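Read through the structures below before going on.
Two complexes, one shared chain (chain A), two partners (chain B, chain C).
Moving on to the complex of A and B:
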């Protein structure tokens, strides 16, 4: 029950569709506490990714993840470009040249992605960032049992909960941190997009 | 860049969310350091606000004439973009992303690079830059206590005194020589190698500064500074 390069491509396409669908919501969230560009930036990045996947689909999961990384770095912009780019790049390195990813590989990839995001953005849990969604997701994935789909589903559940936990937080990183106390009461757009992506991956895995 | 430059100088890359801001900072820095490559990278590919990873990668290569590049940034994500670009380079050790006030840091780094300083010195000039007070006094013993020091009272004949451009001219003059120079005005003392420290003295036109130099070219340093002041810093 492994996850092939084709499955990873399908998961990224699903993520692109979800990002497209939630573009306006992410813009609205970012308008409240940031610079209102997260929705558009993510849409631009994932649209570019889909068109590259159409023309040059890589042949291993690691290469697919690496293509996602390089595309997002150069097309998303903002903080999300380097952060998601680093996440996918580290995930790519973590899975090596395996033709199929099992649940352990997926959990390892998520852990590597989190480590990369933390190294790049220097945020910790409680700073009101995507780290608040990704950290519980990694923990949930590590202790999940069963299939890749079950692992990703547990990660997505935890990420959604983690994202919700950012609402009362006062931002300590990123553009929202300039607002200080006024950043409280809003869902963090980066945490939200992380939860959306993981849910899209989980749904795609369940269909595979 | 002049073809006759004796050795390659450290280059600068200014990464900003705004094209105008990046260009403005570069314009200011180049005025003080005409032979230094200062490359602005601002905005997204489509001309909006943001940072463009690909453009930063290109600028790093273009600004590097052999001595390395110091990278300055404005906001957090510009830092991340700059760091990623450096990590992806063939030799990341040729590049230094510095945490510095953008404008003061760029000016301090440019003037230090103009004097031919190596990468670590240009990076610390930027990091030590602050708009508030003169840069930390040199760690060596106060030069006016050194017996073989050459000193002179120099009247600032120009209208603005030791303002940005004159300060940069003075710092560059000193950088070309083998001499340690301090400039005193009132109770304040500044290392003449630091344009920001000189500016921090706030010495106005019509007043006199005290120049104290040591080292092989001490007398020449004082002579050139006197000459500069007599010419009104070419204002």
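Moving on to the complex of A and C:
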């Protein structure tokens, strides 16, 4: 079974709830190695997104993803706004105007999202950023078999593992990089939020 | 946390309202998206000079909006970069037909949002990125040096050039020359508390100071024993002098900046020491600025900025400026 515009809306609402729930955790993670705004910024962005989905729910998956992109770009700020915004924008372009997304389309969207984040932020695996969560997620999604839910679940598992791998890393991008060696020993907040979003998408897909 | 605020969610908007009330002769505040624009914008035929960044650094940037400095400032949430639509809106409100120069402090969020804005804006837009903080050593393995105190001097000098009719390419080249000639470093005696976080951004013992801080409450390069004022000034000035490097015979502007919570009594004390140390090295301080101009909320601490001057920069520094925070020659 494919993933309709309504399903994508439901997944984004689930993501907003998860972001709200983990707002303080993301603030704490960012306080340790950054500037303590990631949880607050993500909450602001996803709250704005939910209210736009309430008033003007788009009618194709691509349009829903594009609405997420423009909302996050205009409300999140920080580095996360342009990075997640670009990710959703590229994902939107990658799925065309299909009414339903199959697992291949979902895998393609994730690949496009990663390409967008890398093009915008210029981070590579090992820099202690969201790329460390998103890269293994894309790889896992590409080789996953079965339903959209199974694909997203494999991506979420890989993203969580990828996020954990950032703990010992010394940051080379973003504000944490100013700390040099002192950034090691902390989970990267961007990698963590990426893993949280993918898990929320997977859980929503499993329920659809 | 004790602060003069009603609600962490509305602190920036609430402060902008007060700013509008206090300075309606100089600027107009737009709230959605948030942009502080000089009262007579757009000025026909003039290059628009636009900056912005997280709030919490006041008077930077909104306090520098007005004749002879910025045409617009885009205030983000506390310590968070503004969004690209704020910058696009600022460009469209201030472009008088000669294009816009964006002055961007080198932080990942600021760079990404201003970059997107430059792609989206309908006007001719150029961007310069200022990265004057010598505390960040290894630029290959970091996001690069941060934009700090030098930003104030850059906005004043380029703002003056635009006011007297310099075109966009000239403003950009001048900005790059200032960026290449300015270096800064800061220290903190206390951390600051971000309203939506509610607790201090790092731990410092009673006898400790953090050397090499940025302006977002992020910790610096190292914690050391807080010594005398002379030791503190040397700890900032030595790395600055070595970095450019500044040499005997140089003419400089010395900017002694407070981080928000340090009294002018202490800033002047530190400034006097810095002047003496520079004189000892044969460096001529030709212009000065002392006070809290690029702050980190209520943080106690200071930064020093040194700009190597040439005749044109001196002339532009002295040119009239009429903004909430800097005002002379008018």
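Just so we're on the same page, the second predicted complex is superposed on the first by the 208 of 208 C-alpha atoms of A that agree within 3 Å, B and C clash if a C-alpha of one lies under 4 Å from a C-alpha of the other, contacts with A are read in each partner's own complex, and residues count from 1 in each chain.
Definition applied: contacts are C-beta pairs under 8 Å (C-beta built on N, C-alpha and C of every residue); 3 or more make two chains touch, one makes a residue touch a chain.
All of these numbers come straight from a predicted model, not from anything done at the bench.
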Clash or fit, chain B versus chain C on superposed chain A: clash
Partner chain in contact with A:57 - chain B first, chain C second, else both or neither: neither
Most chain A residues touched (candidates chain B, chain C): C
Which of chain B and chain C A:126 touches, first, second, both or neither: neither
Part of chain C, among the options 259-267, 295-303 or 313-321, whose backbone runs into chain B after overlay: 313-321
Overlap of the chain B and chain C footprints on chain A, listed as residue numbers: 35, 37, 41, 73-74, 77-79, 81-83, 85, 120-121, 173-175
Complex contacts: residues of chain A adjacent to chain B: 35, 37, 41, 73-74, 77-79, 81-83, 85-86, 120-121, 173-175
Of chain A, residues touching chain C in the complex: 27, 31, 34-37, 40-41, 44, 73-83, 85, 120-121, 170-175, 177-180, 182
Chain A partner contacts - residues on chain B that touch it in the complex: 44, 49-54, 75-77, 80-81, 83-84
Touching residues (chain side chain C, partner chain A) in the complex: 33, 54, 76-85, 107-109, 112-113, 115-116, 135-136, 138, 141-143, 146, 194, 196-197, 201, 214, 216-219, 221
